[in-house]
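Labels run A, B and C following the written order; every chain starts at residue 1.
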Amino acid sequence: MSEILIEGRNLTKEFTAGRKKKVHAVTDVSLQILQGETLGLVGESGCGKSTLGRLLIRLLKPDSGRLLVHGEDVTDLSDKEFGKYRRQLQLIFQDPYASLDPRLCVRDLIAEPLKTWHVCRTKEELTQRVLEKMEEVGVPGEYLYRYPHQFSGGQRQRIGIARALAAQPELIVCDEPVSALDVPVQNQILNLLNQLQESKGLTYLFISHDLSVVRHISDRVCVMFLGTICEIGKTQEVFQNPMHPYTRFLMNAILPPDPHRRNDQAELLSGEIPSAVNPPSGCRFHTRCPYADERCRREMPALQDAGDGHQAACHHTMN
Amino acid sequence: MFQSRAQKFARRYEKPNPDSRDRSEELKREIGEEETFFSLMRRMAHENKLAVFSAIVILLFILGAVFAPFLTRYSYHDMDLLNRLSAPSAEHLFGTDEAGRDIFTRLLYGSRVSLLTGVVPTILSMLGGAVLGVISGYHGGWADALIMRLADIMLAFPSMLLAMVIMYMLGGGLINVFLTLALVNWASVARIVRSEVLALKETEYVEAARVIGVPERTIMFRHLLPNCLPTMIVLFTLNVPSAILTESSLSFLGLGIQEPRSSWGLMVNAGRQFLYNAPWLSLVPSIAIMLIVLAFNFLGDGLRDVLDPYQKR
Amino acid sequence: MSGKTLEIRHLNTSFFTQKGEVGAAKDICLEVRPGQIVGIVGESGCGKSVTARSVMGLVKYPGRVVSGEILLNGTRITGISKKEACSLRGSEVSMIFQEPMTSLNPVIKVGRQVEEVLLIHKKITKKEAKKEAAKILEAVGISDVASRMECYPHQLSGGLRQRVMIAMAMICSPSLLIADEPTTALDVTVEAQILRLMKKLCEAGTSILLISHNLGVIAQVCDYVYVMYAGRIVEQGETFTLFDHPAHPYTRGLLGAAKSLRSDAGLLKTIPGVVPNLLHLPAGCSFSPRCDSCMDLCRSEMPDMLPAGEKGHLTRCWRS
């Protein structure tokens, strides 16, 4: 078993939205990320997956709960004390355009982490390092002094990755890094992420709403619904043997690029996602769940282990 | 298995793509190297002729102010009472005023004061206002409350009254005029920059900088401030003329520059009573103010275009 | 059935920019028959949206239709007056967009927005319009219609907003619905619901032109598919034929990329190179620099649509 890199214990985060309204973004979530793995985080929009990703690298501070990095509790450290962990925990964004300062050229963008951490002594050394990073992610060195808007979406995402890499991180949280890209470009980026993981021993938390992508890239998958974890386990296990009804519905909604496999008959989830301002009592899924009974409306189910780390939070685990 | 996958990748990246190489050569010629101040100026000269012309006009005014004694044989305070209010002629290029002083000479000497009062306090107030605005917008909390309440107080007073009070306390003189105008103008700059920063700080690239661990100070002055630049350039071109005119009002009220020294504002005001029989008294300095203001405007436009990353090819 | 709901003949739409004329849609020939769902698939920037907007007469400045004919139910709609075009839009042909939030007016209640479409196109009273609106909103699968009609757009979720948009588009029972990436902004579970709704609409007699970059969506619902690349149609055919025997190397690349994600292959398939800039298209076939079976002929001459095996299956490739 590999070492635990990041551990969140009972993390809760609420945002205030207007007067007296609170959005329950993440509620009492405990999660471990192991060294060297890729953990996929799946869920629909508004389920709190991005918030959880940011909590786990302490870009947001939890309202309650603890965050441990390499077993050390970093929840209450000041920003300065947290500094040494900062560069180890990086993030790449969904929109590779909005996340790059339009006024900086590629060189300055990639050099920023290097400058911040005083890695290089001379300007030449800095440029050299930037060129190395560009080569690693497959952006030609000739583009050194170009600006973000002159690149295609895929190349911008590569620059975003190079920036994260320049900080020499252990963990990269990938927040929907390919959902704005066309499939062939998406595949290039996924290949790149895989290759970087192998050559550098990186750990990923891969956030996505696309199950096919998550299935391809993840070692373990974690399914979220409305601020809580429904199911977590090894990718193979979860996809072949989903225990939570929500996971099954998510899989039913996959659209394979094959007209012979139309999912006309598959059972679809009806209704809409309940609001996170007023989450349902008990199991948060009960309003959409066909198996819900009285107990589901009253009691929030806890994660139960079905062996080999495969856990689901449901009173009526499937099988 | 890992090894083989990595090798496959390595091969894929090594394989030269003849077409992309051609394209990159072409690009290299296109972009060249890092942009320096001079290449920036050269690009502006290439793209925007009006901005270059404006820069030349401003430069001429500055040269005129610096070399005033060599450009005229009169002095700004020599009175020639026999030649009062004479019309423009070869002798007196722009005529003479009510005390028989050469207007061309007074214009040259006046430009020393007016250019300085136009530009120096504006830069001071822009710098101060921008720094305070960025801190207020990005930091929020008590810093925001403190700075914005201060700004509210400054804005609540009629600016002329405020300027008079400050001038009265500090006394006349050029340095005090600078300080006064800067103190009066920083608040509106701070407000505008703050609102801009409030929008910008929500952008992902600011979050991206925070992830990397970039210190707050660097985020404020490397990411936020440069992105406020277009607004600031517009503000600058608006504030320069208003500073020149405020100075003239102060001088008119006896709180700024004192006779027999001259400033353009003072000349406009002094000439008002002779508007019908000797219009050149007011007209000449007015045209000078207009020229300099237009020049700053066009230069500002040119600079904004040239600094805009989206315009770069 | 006879006739064609929509027929596009040799459509050319260009954008006139400072850097020159950009041909966003070139020589497009396309047909939608009654009761069909026809898909256009391609990567971003390939001209699918421009084609759809050309039909609606909604090409944004500085773009315009340069040449070609568009026929709706046999009537020419290119070159008609603005007024005529306006009355066609909404009643004969309507369109839904990717982002349902920005397509609805945020300060008007959704019920009223639906009614308004009716009041514009039909001579009926407000009361009748309200009844009609409620009926259609229910038909597109909105529960609790009475209270939802009193909501403002921001109070509804993305899926509901898209349903409202569909209701607005369908209320005058147009013969053609153009859907431009209708599910891209929606969650996966909602996406499947909306696609089923569109299928139902089609069975009820409306033809649909569905534009998507997602081959999954296209495979699920379309009867006939057009593949676009760099402003041109490069392949067309019945959905099953096209997915089973893709003839153009670009289609093969796209399909391979989408399918490899679902297989257990370690390395995902991609298409080498990048989409060309429409201003600097390569000579000959636009796909030639990225093609793995490129010949000399491909670099010099753009092929026409050539038959590829089965009937109705055409491809713009010399190797077919």
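Of note:
One rule holds for everything that comes next: contacts are C-beta pairs under 8 Å (C-beta built on N, C-alpha and C of every residue); 3 or more make two chains touch, one makes a residue touch a chain.
Keep in mind it's a predicted model, so treat the numbers as computed, not measured.
When you average the Cα atoms of each chain and compare centres, the chain farthest from chain B turns out to be C.
Relative to the centroid of every protein C-alpha atom shown, the closest chain centre, again from C-alpha atoms, is found for A.
The mean-CA centres of chain A and chain B are about 46 angstrom from one another, to the nearest whole unit.
Per-chain Cα centroids separate chain B from chain C by 50 Å. Annotation: 32 Å between the Cα-based centres of chain A and chain C. In chain B, the positions touching at least two other chains are 5, 20. Annotation for chain C: residues touching 2 or more other chains are 266-267. Counting only residues that touch two or more partner chains, chain A has 191, 194.
By the touch criterion stated above, chain A contacts chain C in their complex at residues 44-45, 152-154, 182-188, 190-191, 194, 209-213, 216, 249-250, 252-264, 268-273.
Remark: chain B residues 2, 5-6, 9, 13, 20, 24, 27-28, 31-35, 203-205, 207-215, 218, 223, 226-227, 229, 309-310, 312-313 touch chain A in the complex.
Across the complex, chain A is touched by residues 43-44, 143, 157-160, 187-193, 195-196, 199, 213-220, 222, 239-240, 243, 253-255, 257-262, 266-271, 274-275 of chain C.
Interface residues of chain A facing chain B in the complex, by the touch rule stated above, are 57, 59, 83, 86-87, 89-91, 93, 95, 98-103, 105, 107, 112-113, 116-117, 135, 138, 140, 142-150, 160, 163-164, 167, 191, 194-195, 198-199.
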